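Sharing a structure with you now.
Chain IDs A, B, C, D, E, F, G, H, I, J, K and L follow the sequence of writing; residue 1 opens each chain.
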Amino acid sequence: MKIQIINGPNLNLLGVREKSIYGDTGFDTYLENLRELYPNIDIYYYQSNVEGEIINKLHEIGFSHDGVVLNAGAYTHTSIAIADAIAAINTPVVEVHISNVYKREEFRHSSMLAANCKGVIAGFGMDSYRLAIESFLID
Amino acid sequence: MKIQIINGPNLNLLGVREKSIYGDTGFDTYLENLRELYPNIDIYYYQSNVEGEIINKLHEIGFSHDGVVLNAGAYTHTSIAIADAIAAINTPVVEVHISNVYKREEFRHSSMLAANCKGVIAGFGMDSYRLAIESFLID
Amino acid sequence: MKIQIINGPNLNLLGVREKSIYGDTGFDTYLENLRELYPNIDIYYYQSNVEGEIINKLHEIGFSHDGVVLNAGAYTHTSIAIADAIAAINTPVVEVHISNVYKREEFRHSSMLAANCKGVIAGFGMDSYRLAIESFLID
Amino acid sequence: MKIQIINGPNLNLLGVREKSIYGDTGFDTYLENLRELYPNIDIYYYQSNVEGEIINKLHEIGFSHDGVVLNAGAYTHTSIAIADAIAAINTPVVEVHISNVYKREEFRHSSMLAANCKGVIAGFGMDSYRLAIESFLID
Amino acid sequence: MKIQIINGPNLNLLGVREKSIYGDTGFDTYLENLRELYPNIDIYYYQSNVEGEIINKLHEIGFSHDGVVLNAGAYTHTSIAIADAIAAINTPVVEVHISNVYKREEFRHSSMLAANCKGVIAGFGMDSYRLAIESFLID
Amino acid sequence: MKIQIINGPNLNLLGVREKSIYGDTGFDTYLENLRELYPNIDIYYYQSNVEGEIINKLHEIGFSHDGVVLNAGAYTHTSIAIADAIAAINTPVVEVHISNVYKREEFRHSSMLAANCKGVIAGFGMDSYRLAIESFLID
Amino acid sequence: MKIQIINGPNLNLLGVREKSIYGDTGFDTYLENLRELYPNIDIYYYQSNVEGEIINKLHEIGFSHDGVVLNAGAYTHTSIAIADAIAAINTPVVEVHISNVYKREEFRHSSMLAANCKGVIAGFGMDSYRLAIESFLID
Amino acid sequence: MKIQIINGPNLNLLGVREKSIYGDTGFDTYLENLRELYPNIDIYYYQSNVEGEIINKLHEIGFSHDGVVLNAGAYTHTSIAIADAIAAINTPVVEVHISNVYKREEFRHSSMLAANCKGVIAGFGMDSYRLAIESFLID
Amino acid sequence: MKIQIINGPNLNLLGVREKSIYGDTGFDTYLENLRELYPNIDIYYYQSNVEGEIINKLHEIGFSHDGVVLNAGAYTHTSIAIADAIAAINTPVVEVHISNVYKREEFRHSSMLAANCKGVIAGFGMDSYRLAIESFLID
Amino acid sequence: MKIQIINGPNLNLLGVREKSIYGDTGFDTYLENLRELYPNIDIYYYQSNVEGEIINKLHEIGFSHDGVVLNAGAYTHTSIAIADAIAAINTPVVEVHISNVYKREEFRHSSMLAANCKGVIAGFGMDSYRLAIESFLID
Amino acid sequence: MKIQIINGPNLNLLGVREKSIYGDTGFDTYLENLRELYPNIDIYYYQSNVEGEIINKLHEIGFSHDGVVLNAGAYTHTSIAIADAIAAINTPVVEVHISNVYKREEFRHSSMLAANCKGVIAGFGMDSYRLAIESFLID
Amino acid sequence: MKIQIINGPNLNLLGVREKSIYGDTGFDTYLENLRELYPNIDIYYYQSNVEGEIINKLHEIGFSHDGVVLNAGAYTHTSIAIADAIAAINTPVVEVHISNVYKREEFRHSSMLAANCKGVIAGFGMDSYRLAIESFLID
């Protein structure tokens, strides 16, 4: 089973910035844990701050992999282009958020992407990614 | 570990109504499966069509149980009173939805409850409940 | 033929309150007249001020009766949960209003229910109920 | 008893256009049926695609006839001028719609006319006209 | 000096309808008075309930007359087409209203036409027309 | 003099929940104080989390008591049905709030009920109830 | 006959500022002309940039004079307080504007005052004042 | 105990204007009554129609007095500047209204000031002031 | 091949009015050019300022011709009735505009018609009509 | 004559994704056809999913080429930056869309770019590009 | 060089009120520093809580001085009248704010004045004034 | 002291495009002047049209430099992602604009970035950058 995790803008700073919101674990450490927990799954990881590169990656793996775990960060709330990319590919996408976005600014309460995703998981810290992987296993 | 599942209005008709949206499994059958999957968890179940009775139940178990899995159905989008009840109790609440509400009518895209919950899980069919239970185990 | 009339909040005060809007006939008297006019129809009556109890009643009769005449009063304008109940049952529902709601406050001009009903009849005083019954006979 | 039916824009194509919404009976056929059903009522019929001509007709019969059954079609949602005409005449007007307009596009959910009409009947197919005539008889 | 008065929809009923708002003088009587008051002005009069006919009239006299006094009635608030006609002709147009439209329904507070007119005069009863004629004299 | 105090949803948790907003006195203790302060007034108390039961109580006492002190909690901001009940009864109702609702979330700034009440008192802690009782005495 | 002209903020700069909008005649010159044109009318003049002083003036003359010609300038669009003052006095007020405000910024299209005035005259340059005086004479 | 009453625009006309809304007692008479009722309190009174003078008064007494009873009239709904003044001083301010503002025009339903005040009392006629004074005594 | 060009309100003034926007060629001249360019196409032309007459024409030719080139002018932005007519006929309609409507007033940016048309062509001056004809040829 | 075609996000998947909307021809095949149809025009092609790279391309060719045919895909509806780029260059730009965007989601009905373009062509399938090229030839 | 600093409502309390937002330096002290820093500039200072007096001051110095540094406080967000004054005078005005208004309440994010000013400087504490003076020097 | 200037989309065309708005100095020339004026400051310069690359640059220098002068161009009004980047880094950022954005289109009046910046400087032409640098020196 091939699962691609994609992290959007500013998520390369996890563990560095705004620790009160995002915790102090870097994503690398967390990724190692995930791979140990799910030894039978090939977990691929990609991060970019560029909207169009996230689209490129979705196109690249969207006809071959079994699932995408997508934390599009701020692009979640503005990008019709990423939403179109999700609609264009075959691989199902689960939208995740580390923080409970509904507790934050109004503009983070709506998602351009959710309607094109399989489901949404938000608010469980780093474990939002793990629950998303579980969602592909249960299926 | 004590986990309370609360289902809101019309969810007593699961498996009966609108099968194209909600599938054809009744919640009773699904509940048995859940209890078998998690033999060490005491899973309590409550359903009501009355907004105030959902509040009563939250008050009743909200200072003793370890988690609430709440599918408030249509009240998700309108009830400040249930939101206040979630804020008033100690037990963390996870908001779940069977369908991907973001694919449906505009008025189902916003939640009055989410800001007071621990997190939100939507769109995974019946398995949204299971992922919510997982979220309490991982913690 | 079995027809269920359901009256929502404050309609138990018909003939008592706000006579300039609703007239001075109590619903009981009117109901007797209706039953005399339509001796071959079983006309059932239910009134509740509780949103969830109206949902309960819709569930109870919504798979066996031939028609529902629903005056949901103030819940017409706010209740997604009753709208969901109407969508979930098999019996067709006609939305009625005694007064011409479009002459009153702005918030009474929109209906959460109408899109899920067979039709809407408003403004004919008590006779809105009779026209709704006629609509089931004509069919 | 003199009752004037007025049909607005595009309703001359009934039975021709969009049969999935409006059915395949032309209005002429339906009108014959109505006249047979109510032999003691003089039922007059007028159709125009021109907003101002509908106003002219309302002025012409609005001080002599006993009732108007008005399906103003698309002008229902935009015409303050027809609304003013309804307010200016003495004959009571019942607004009717063949389809359940609340199930269709957002812009068909509001009516400029309803506040000046006696009542509204929508969603009963061609029988919306018949129920409107009944409403004048019951009175 | 040639001045064209144009009255829009329902203003043919002046003196007949809604006397509490518009008074009980028919426009014919008022027109005679105006002509006596201004014997040196050629005062032309036109009324139509049809939006497009008002446009036709504006085109017809809009390159030869000295002024237009336009009470477009309900079309004031909705007609971009009349506004375009006013912009397209050379004759200056003064928008008038008999009643103080700002005391009435919200939708009568805005004008699609005013920006293309020379000025606006509203609320002086029938004398709004006279003040408009004065405005062309003073000029 | 008979005065009915009605508390809406979650106010049964006063003194337990969110002490920073509502203080730490339970309503029972405060009620005793009130009764001591006003020995000549019969002060009745009712609390419910169910919207429809609050309506039932208003109907029950609304034609016999001298005043209602109503803290409808979250229903203040959403319930047209309670507003209708207040309009339907004879007893004057004073809307009260413990906290200054205007300092809190936007959705707590508007009241569906206030237009039908005699007056509004908000922000004086528990003493909002006492000031409401005073308002009936002064009258 | 006593008529009070009141000019609001910045109108003391007439003839000085923004000549393309307001022309280059100072108000003093124009006032002399007006007084010559209407020798039998006592025309009083007041200008202030202070909202509250305009209210004071309205109170002062609002129970003795025959008419007020009010150009409230920018306060037209924002001042509920001046609107209240107009409603509180007996003297009828005519709202005037030199420029056609409907051709300018969106925020100049609505008036807080108009609903409480007798009428509105806008767009005739300085002659808007003269037409307002005419409106009191015609009456 | 020093309490400052501040009345805003047009409230100098109490007892003179719009008696159906505000009653026919002048504020002077009422003030005498208040002073008799509370002989131990120094009750100061100030009225101005000028927004900035109300701010000046708040600054002047806002660091020495025990309470302010503020009826800012129309400025309640528009003045961020008065709101800032209330936030800037130490003396607690209670916002009062004579009429039930929620029964009146839409623009009177919101308050710029309330969030910075201790509380709000509206709708009790002149006695709104007395209840505000009581609120400082109870404290 | 039969193609019907329909021009809406004020387009009879092409070449006369607002030359800076629409150029100075009358439509007659342009029509001749078109017919020379496409000698094998029967190009019919109709212009009306009346909304309802445009609907009449669409009905008349909408079941026999091969294409409609429709410049509905100002009605583009307001007419649900013309939109309904386009949906009711069989002939495909292309919406055209001479000017780039998106560069002009906000209310010209949205089209009630476009969703029911085959396509939209705007901004190419008179050649918008020619491109529309090309679109039927390419097909 | 040099014409640059620029395709925005997800348009590299043409012929692969959502065939019911976009058809099953890849853009490469279509491009060949275009070049054969217009042998005397140098047709350049560029596609990118990155907003900023589309801006780079516009800068690069925007002072030398004769026309740009731009299908900016989802960026059409959100990108002020591309709109600024179009305004900054000399080469005229025609906005094209394959599908009739006005039949799709609300957020695809408005364009940030159109006001800065020469014109808009939408809804003609792949032939929208051809009509755009024609528009440069006709000129 | 003559530069006028104008401070609006509540800014006389600088150093006294809300020190967490505005710091604890009184404006007098700061003014002395400024005058020392810029010995060759005549720096005039004026503060008023009255909107109209700020307008008066702008008129007074607006045709003779070289620059105005204006912190209009709360009037920034509501005063069309001050905006008109800025447009009416010749002296360029720079809008300043001590705090970063974009971090505060929504209603402080928009400025009625900015479009008429030369520029805006916000968020640099007291040094916003100094930067504004620099902007006149650099010019 | 290390200061990074970052210019966003289309600002590479400064001195080339839209000279009436932005002047005709290229940024290179201006940069030289700046470096001469502040010989003791290391002024770094970066320009990109790609939103994500601006984020990359902010991450790269945001933990080492002393200040960022950011002109994000069109991204100012839409980019939550850049706003998040500003919040994530330690270096304070000053938002600058060359033109007075408040004089331009409505969509340029709001900033997604300002709330996360130290301050905003707009409207001083190229000197906006210099004033921003001054703001770091004064500090």
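As a convention for this text, a residue touches a chain if its C-beta (ideal position, glycine included) is under 8 Å from a C-beta of that chain, and two chains touch if they have at least 3 such contacts.
Fair warning: this is a prediction, and the values are worked out from it, not measured in the lab.
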| item | value |
| --- | --- |
| Least step count from chain B to chain K, where 1 means the two chains touch | 3 |
| Contact-pair overlap exceeding half with E-G, pair selected from E-I, H-K or C-D | C-D |
| Rounded Å distance between chain D and chain F, as computed from the means of their C-alpha atoms | 48 |
| For chain A paired with chain L, centre-to-centre distance based on mean C-alpha positions, whole Å | 31 |
| Centre distance in Å when chain I and chain J are each reduced to the mean of their C-alpha atoms | 24 |
| Numbers and ranges of chain K residues touching at least 2 other chains | 50-53, 78 |
| In contact (per the touch rule at the top): chain pairs | A-B, A-J, A-L, B-C, B-F, C-D, C-F, D-E, D-I, E-G, E-I, F-H, G-H, G-K, H-K, I-J, J-L, K-L |
| Sites on chain F touched by chain B in the complex | 8-10, 12-13, 16-18, 48-53, 73-75, 77-78, 107-108 |
| Of all residues in chain F, those that touch chain H in their complex | 100, 102-103, 109-111, 114-115, 117-124, 127-128, 130-131, 134-135, 138-139 |
| Complex contact set, residues of chain I against chain D | 50-53, 55-56, 59, 78-81, 83-85, 87-89 |
